[in-house]
Structures are given as C-alpha cells and as structure tokens.
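Take a look at the structures below.
Shared between the two complexes below is subunit A, which has subunit B as its partner in the first and subunit C in the second.
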Partner chain A sequence: MAGRRVRRTVRVGGPVLALLFLAAFPLLGLKPYFSQLMDMLGIVLLLILGLNLIFGYAGQISIAQAGFFGLGAYTAALLQAKLGWPFPLAVLAGVASPSLLAAVLGTPILRLKGYYLALATIGLGTMVYEALEQWQDLTGGPIGVMGIQRPPALDGEALYYYLIWGLAVLAFLMVRNLDRCAVGRAWVAIRENERAAAAMGIDAARYKLLAFVLSAALAGLAGGLYAFLNRYISPDSFGLNYSMILIASMIIGGAGTLGGALIGSGLLVLLPELTQAFADYHLLVFGAILVLVLRFLPRGAWGSLRRHVADHRAGEATAASPTPEPQALAGTPR
Partner chain B sequence: MRLHVENVSKTFGGVVALSAVSAQIQPGWITSIIGPNGAGKTTLIDAITGFSPPTGGRVLLDGRPIHTLPPHRVAALGISRTFQTALLFEEMTVLENVLVGQHRSIRSGFWPSAGGLPAVRARERRGRAEALACLQLVGLERLAAFRAGSLPYGKKRLLELARAIASHPDLLLLDEPAAGLNTEETAVLAGMIARIKGMGITVVLVEHDMSLVMSISDHILVLNFGRRLAEGPPHEIRRDPRVIEAYLGEEG
Partner chain C sequence: MFDQLVIAGIATGCIYALLALGMTIIFNSSSLVNLAQGELLMAGGLSYVSFAAGQKLSFALALILAMACAAWVAMLAEGLALRPLRVANAPIVNAIVMTIGLSMVFKSGGEVVWGKTPLPAPSPASTTALWIGGISIAPQNLLIVVSAVLAMGIFWFFFDHTLIGRALQAVSTNREAAWIMGINADRMVLLAFALSGALSALAGVLVAPITAAAPTMGTMLGLKGFSAAIIGGFGSLWGAVAGGILLGLSESLTAGYVSSGFSTFISFGLVLLVLFLKPAGLLPTRR
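Coming up: the complex of A and B.
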C-alpha cells in the first residue's frame, strides 16, 4: 500500500508545487530570456490543450490549429493597432473570430473522417494563412503587423506573465473538469467507437463541433496573447508547419491526456533552445524524437505511463479482493 | 412502449435484404428473431435502431414513426442495442464503459461541467455507484478498473450487456449475444436475459443458438431471404414444417 501513499503525495503535491513555482517565477529575478520562454510556454500550452480536445480526446484529426492561432492573433492585433480597441476587447475578439469560423465550417467538415478530415482541415488552415499573407491592404501581407500596444497597466513583464499563466491555468482546469465528467467521456467514446457511442444516445456531431469550437477558442486566446506579447506578428508563425509541430508535440507528450499536453508544450518551447547548436536542424531532432516515441511509446510519454500504472493498479485491486472468480463467468480467451 | 414494424424493406443496391417485413413487439416479452444466415435479422435491428434506415415501410414507437431518426435519437427514446461483435470503448476502463451507457442520465450542461461544479461531481458519484450495480448484475464488478480492451471475449460481451442496461432502456435489442460463448457462459447469459425481462425491459433477441432461443423466448419471428417465414410461440415454431425445411435446406 506504500504505492498508494506515493500516488496520493504526487497527486496533491505535484499541482501545489507547480502553482508555487508559477507564482514565484517572476520573483526569481532571472534574465528576460527565461521569462520570455515561460510566456511562450503558457501560450503553447493553450494551443496544445485546445488541439487535445478535438484531436486527442474526440479523435478527430485537425491540422487547422495554427490557422486558428493566426486568425486570433491578427484579429486582436489589427483591432488594436489600426482601430485602437482596448486590450481586453481586442483579445476577446481574437477568441471570437476563430470560434465563429470553427462553428460555421465545423458542421460540414466534421462529417468527414480520417484522411478526408485531415485534408479538409489542412485546407482550412491554409485558407487562413493565405488570407493573412495575400490580403495586404488589411493584414500588411508578409511584412506583418507592427505597433501593437499593450495598455500601460500590463506593460510590466511580470504582470503580463501572470495574465498569460492565469489564463493557461484556467484553461487547464477547464479541460481537466471536462475530462472528468460525461462530456469528456462522450468525446473519448466517439474516438473509440462512434457507432457504439451513438447507440448510447451520444450525438457525435454535436460533441465534435463543441470540441472543434473550443479548440479554436483556445487557439484564438493564445493568438491574442501572442500578438500583445511580441508586439509584432507576421504570417510565418501561423503556417501549416506550425500545425504539424503542435500535433507532433501533442502526440509525443500523449494525446488525450493532460500530462501529455504539459510535456508536449515543454518540449516544443524548450527543444529549439536546447538544440541551438544544431541551428536550423532542430526540427530534425524533433522528428527523431517523434519517430522514437511512436515506435516505443505509441501512446506518448504520459499516455503510455498512465496506461501502465492503470493496468498495474487494476491488477492490484483484483489481487486484493478475497472473493474467487465465479467459474461460470470466466471468459474464453481469444 | 409498443414497437410496430410495418412493411419494412431494405435494399442495398440491387440486393433485397428485407422485403415488407411486419411485426409487433409485445411489451415485456422476449421476442426472438431467427433465420438462416443472410435472412435479414441484423438488417432488421439496424433498421429499427436507425443505423441503417429502411428503404420502405415504417417503424412506429407508440404510433410515432422513428425510422427516419438518427441512432442517437432512437437511443434517447429508450431503445438500446448491442452489436454482433462486441463494440466497446477499448481504451476506457470497464467502469467508464458503463458510465458512457448512462450518458443521458448523468450528463450536465457544458458550463457547469467545465466549471467542475459540485452538482456535476455529485451526479458523477451517483453515476459511479449505479455503474457498479450494473457491473454486479453481470458479475464484472471486480474488473471495474481494468481496461475494457484487456478483457477476454466472453467478458466483453457481458460488459456490452451491462453498458446497454445502464442506459435504462424500455426495449433492448441483442444481436447474437451468445456468439463466441461456451456452453457455461451461454447458460449464464440465458439467466441474465431472463433477469433483464424481470426488470420490465422488452427484449428482442437475434440468435443462432436454438436451445437458448427455445428456452427463453415468449415469441419467435422467423425470417428467410428477407421475408417473414413464420411467427409464433416456441412450441409452434419448433414443429413448423416451413421452418424445419428452411434450416434443413441450409444444412443439406
């Protein structure tokens, strides 16, 4: 039973330590380089949490996440830089515009499955990217949008850090709550077997759309925060490449798990920094990790660990039970 | 709860799978559908549950047409089913599979769920207790924490049954529940189906195991080449020359 005590300590102590670290981080007086990394980590976490809902939990391939990210960033940036909208409204509009796009296009797109769905979402992401790059009068084209201004109250790096991480923690808690109730189970049921889910009264189309809109909303929020963090954005950051890197990070961490979202975000932000010696080849390292993980931990780092622990505990629980198995119910192994 | 199948036909391209089949499902009875392979038994279940809508005829539930509804809407009306090969949510635990069965009774609105409100958690706890009771019914309660995919085949079938019961159906359609079970397991299954009937649930059973069908059915519908061949209580069906011919013809 020592294992149980360890597990409880980890379950309670882990989040407490993580929150303490997040709260204390700006007080450590580290170089701006590190606080920038932490800001990006919060933003990437929002992106991967969102992707996880539609792709990880509901099992519907979406390669549009960077497109939603870009749409959110440009909406917030243009409204602020060109029309002078206040920061909160600009960011809210950045959440709303990709959500709306997902809500309108989600119903027809999510009828598709597998490769067809993958292609349709690539199309959606590319559509956004091309609009950002080609619609020069509005977006500034390849040059991007400059002169995005934060309100004076949020100008301090520490305050903006707390805003990003406050929202990231809220999003994390939201996904955790959904994971632990009927909504999360409905998503996983659709992923595991859509016919059986329908036979249980689950409206698959509705739940897929909900996951898709939520994933777009979180990407839009990440986009708005990113625009005001950088104060400058250009289409390069929101291409098909970035959608693929987000997917790879999510899978390496463990699709459909919260721990996996954390690991994946950490990897995506830190790996380019740790492999600076390889310069532009850091994607090569990334690819190698992806291949190794898919070969040896097909459910990702966290997913495989969790499955191992769950199977172990199930065995423990059965061994601890004193009643012998009724013979008549012993199944025929196939 | 009165189900009426009215002149239901189903064609796949040029192939006629069902041709003007009519049947009344008596509430509270176990009605079995039997017939040689390809007789249209599963097609009929798919037509009733919305998985494959009929190309002709109607399915009425208490006089209301349901054959145009999608599967999840049919399920919402209290019609649950199992599949010919157990379709489980393999990566979920045994308990979670049953909880999905209870989806309609334990789900909460989106915002309370996202906020993790106490009312949502209380509903989850009640759901877990009820799910364990359903597992007890089929003798799987000790395996609640196992991954469904790790169960042996016989237990998968029992889990699928528990999941269907958890959805509180008025009508339960079982598609070959004894397929792949050994004699002992089939005997346990027979007891369970009788208990399900005792809970006031109307059962429709598609099955090849004749001793199972004859021992628990109140009424039997025999299909052959997509048409109704015969209908009646087990003792009549057993002696019906047309039925005997259809089965002997298949084996001969």
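Coming up: the complex of A and C.
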C-alpha cells in the first residue's frame, strides 16, 4: 500500500533529516541571534523532556521544574565562578544537586495526589526560588552570579552548540527508550490508574520516584548548560512563572509524547520572538493558547495529530472500531 | 513587639483567610481547586484603584464595584473555561492546569490594562497609629480585621440562613440529591464563583493600600491562601479561616523573630511539613 510506504519514509526520513539539520546548523553561517535561539531550544527541550517524565508519562503534576532548573544552574555557576571547578565537574554537580533534592523529598511529596501534590511542588519550587533570592551571601541575591567561565576549548559558539544538542539528543533517545520499555509502560499504568497498576504488581512509589529524580536530573543538566551559555544567571529566570510556562508548553505540544515535547519547546523559544509586538505579554499569548488547547484539544497538538493519523489509518484498514481513549493529558484518580 | 507582630499577623491572616474561604467555596461546589484565586484578588485590587483613585468614587462604592468586577471575571472563567471541562468529564489535572492557564491570562491581562508599575491605593483609614490599651495599631490593620470579620459574618448568615445559601450548601454536600430537589447545580456553581471572586476582591481592596496594587500582587497571596485552605483541612469553611489566621501569625512571628527575608521560605517549609505529616490538615473539622 502506498500509505504504508509514505509512513515508513516519514518515520525513517524525519529523524535523519532532523539530525542532518542539527549537524549542519552551525555551518550555515547564520547570525549569532539564530544560534542563540538554537542553544536555548536545546536547553528548553531538556527541561520539557524532564517534565514529561514525571507529569506527561507518570501523570504526577509537578510545578517545581523551574526550581530544579535554578538549583542546577546555581550549583554549576557558583562552583565554577567562586571555587573555580572545571566545567564538566560543575555541570555534573549541577545535575546531582536537584537529583538529590528530588530523591530526598520525592518519597513524601509523591505520596500526595491531585491538588495536594500541586501545592507541595509549588512549595518546593518557591522555596528554591526564595533561597536563591534571599541567601545573598551565597547566591548574590537578586543581582545574580556573574563571571561564569567556559573552558577555552568550548569557547567557540559552534562547539558549545554541539555539546548542548549532543546531550539533548541523548536525553531524547533516553526518554524514547524508557517510553518503549517496561518502565514507560509502568508510568503510563500509574498515570491511568494507580490502584490498578499496584494491583498488577507495579511498585508505584518507586516508579514515581524514578520519574521525579530523572526529571530533576534533566532540569539540572539544562540549568548547568544554561549557566555556562549565558555566563550570567539571576533568580528571575527560575520563578514559579517559568514552571507554569513549561507546563503550558508541554501540554500545548502534547503531554506524554516526544513529538509534543519538540513542538512545546519550539513554541516556548520561538513564540516570544515571533510576538515581539506584544513585548512582554507573551505570557498572555501562552495562557490563551493553553486555555484553548485544554478546552478544544486536550491531548495537545501532537497527541491530536497522532490520533487523527490513527483514525485515518483505521479508516484505511476499514476496521471501523475507534478505540476509546481517555481524554486525559495526565490522569489522576478522580 | 510581640503584640505588634500578633496584630500584623492577624491582619495578614485575614487576607489569607478570605482567599482560602473563596477557594473552599469553589472547591465545595465543583471539586475544583482554583489556582487563579490570587488573580481574582488582583482584579479586585486594581479595579478598586481605578474606581477610587481614577474615578474619585467613595470607598464603599469603589469597593462594591471592585467586588462586582472580580465576581464577573470569576463567572466568566467558570462559564467559558471550567464548566466545559466538567461537562466533558475531564480529569482533575486538566482542570488544575486550566486554572494555571487562566492565572497566566489574568495576570498578563492585568498588565495590558493597568501596566506593570505598582499603583498606590487610597484607603479610608488614616496613617497615624491608634493606641488601644497601650498597644499601637495601624488603622489599616484594624480596617482589614473589622472588614474581614464583617464579611465572614455576612457570608455565614447568607450561607446558613437564606434559601440560596442553603441551596449552595446542598450542592456542595450532594450534587445529585440537590438536583433532584430542583436546585440548578450549574447556576449554584456560578454563584459560588461569583461569591468567591467578591471575597477575594475584598481581600485585594484591603491589602492594596499596604502592598500597592500591581498585576503580580495576587500570585504569592493566592498561594498562601491555597496553603491556608489546605492547613485548615480543604473543604472546611471555618478551617479555611483558622488556617489563614494560623499561617498569617506564624509568618509574622518568623519575620519578627527569625528572619524577614526568609519568611516565605519558612512558610512553605511549614506547609510542606503539614502536607507530609498531616495531609488532611491541622484542623480536622467536619465538612
């Protein structure tokens, strides 16, 4: 059938083209503005992939992602700028510190559900933000941290770009593989019905903790890379607003899908640039899109697209039995 | 110093209590947690500034108009965004995220209408401290406490002693049974949102002369209100009030005796502790 061949071409050709584009991008000789955008896109992709693990796949609402991002960024930045740690160790420490926080607080936090969980993760994110802003002796307070230095070998924009995107592609593959193995199925089972999952022998607490720690680790990695990209960080980038924008982007793209993570991070990076006329009001655009998506496309852009394609295929195979699917972007027991 | 801190704590606590009460009314009638509650406070505070300072209206008139504005915003949110989710039987997470989206829209909508700079808010209370029984009290704090108590009294009377209030309670207790009794549940939920918006607007009008009115004024207050509602055992009206006062007091005392910069940090630390140890709230009262 022609349809199948087209689909196979898209499935194989799409990723190959994307990788070719990523590899060739620095060679195109575009203005620094565009390479900055691409660098940010890689970092935001790491953040949204991480958020997807806990919120999209495992279905546990988390409004703490910007807090983990900030903790990773500050850990890496302070270790480099104040103690002169080398770049790789500083970034690794930036991965470790939010992971540790998530590992320690994850068990009691993830025991909570629904709005209790929402409040607990808001509380955690806010505490990190407040610590960054108020612990002035350590963090420099609202002024932030300056003088973060990249090693000379990574000083070129192209090399740092390859580092960010190399890690982003690795993270993407990691999430894809997790999604396709037993861990991913366990997460989805917990998302759809935690009790049923537990009855099937899934240790829900352990799998939720794994998702939480991994999401914090990816956020920490994004934070370390961000600190060395900007060479300057301040608490403003890591507040509650940013956690909410990350959630909005993930859901607009399609929670719990890899394509959705790509669409969402693209939107988060490009929308403020495309709506320059709105100046600082891109939050309004984001909020409005989020409200409309939740109202009319609860599966998000990618989820709805995939659904559409699946329906189309079902029609093609004349097996007219539409499988009912929950309308959840991330289900919790009601 | 202790007396001062206690009075300031009770005043702040009254603001949290009004917000927590608003969230609880919405939660009881529709099982929905409204994370945009602080933005309703902001809508009230800012429209109050427009009416009182811009249009030079009297305090009472500006207050009533501000409460009406916030009630209208809340009803719009319910009718256009939240009810459709309920009708579609969407999971609770979708509704929580919807209120996050609404809070983003309201906050940035407030920036479009009023700008980002905080606006000074007029108050009928004078700025010279009153001396009552050897304790100096800021008149604004007195105004906050008196108005909040008055509003809660009116609210209690409405809730327990009027037909509409009892219908609202019936919907909170058992939606289906209320429906069988001929109560239009959707209309009652709309009323709950209106009441909740009005109570939050009152909090906004009362707090604006202290913090100044800005589109971001509601974010942190809303989260504190949410915390207060949960500390009080979510769903209990008087628990919400008690939770608010408790949170206000503990915050004021830590700001006074421990560290003012870290008071928010400590507040949320306490909230996390409550969630870990007693997720049903510190004050298990009857629903």
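Points to keep in mind about this one:
Throughout what follows, the second predicted complex is superposed on the first by the 310 of 334 C-alpha atoms of A that agree within 3 Å, B and C clash if a C-alpha of one lies under 4 Å from a C-alpha of the other, contacts with A are read in each partner's own complex, and residues count from 1 in each chain.
The definition used in the following text is that contacts are C-beta pairs under 8 Å (C-beta built on N, C-alpha and C of every residue); 3 or more make two chains touch, one makes a residue touch a chain.
Source: prediction; values computed, not measured.
Judged by the touch definition given at the top, the superposed model places A:Phe286 against subunit C, while subunit B stays out of reach. In the superposition on chain A, A:Leu110 contacts neither subunit B nor subunit C.
In the superposed model, A:Val183 makes contact with subunit B only, not with subunit C.
In the superposed model, A:Met200 makes contact with subunit B only, not with subunit C.
Contacts of A:Leu124 after superposition: subunit C is touched, whereas subunit B is not reached.
When the two structures are aligned on the shared chain, A:Leu294 is found in touch with subunit C, with no touch to subunit B. Annotation: subunit A residues 326-332, 334 touch subunit B in one complex and subunit C in the other.
Those residues of subunit C that touch subunit A in the complex are listed here as 33, 35, 81, 84-85, 88-94, 96-98, 100-109, 111-112, 116, 219, 223, 226-227, 230, 234, 261-262, 264-265, 268-269, 271-272, 275-276, 279. Residues of subunit B that touch subunit A in their complex: 49, 51, 70-72, 75-76, 80-81, 83, 87-93, 96, 99-101, 103-104, 106-108, 110, 113-116, 120-121, 124, 127, 139-140, 142-143, 145-147, 150-156, 158, 163-164, 167, 180-182, 184-185, 187-188. Those residues of subunit A lying in contact with subunit B across their complex are 173-174, 176-178, 180-183, 185-186, 188-189, 192-193, 195-204, 210, 307, 310-311, 313-314, 317-318, 321, 323, 325-334. The touching residues of subunit A, counted against subunit C in their complex, run 59, 61, 63, 105, 108-109, 112, 114-116, 118-120, 122-124, 126-127, 130-131, 134, 240-241, 244-245, 247-248, 251, 280-281, 283-284, 286-288, 290-291, 294-295, 298, 326-332, 334.
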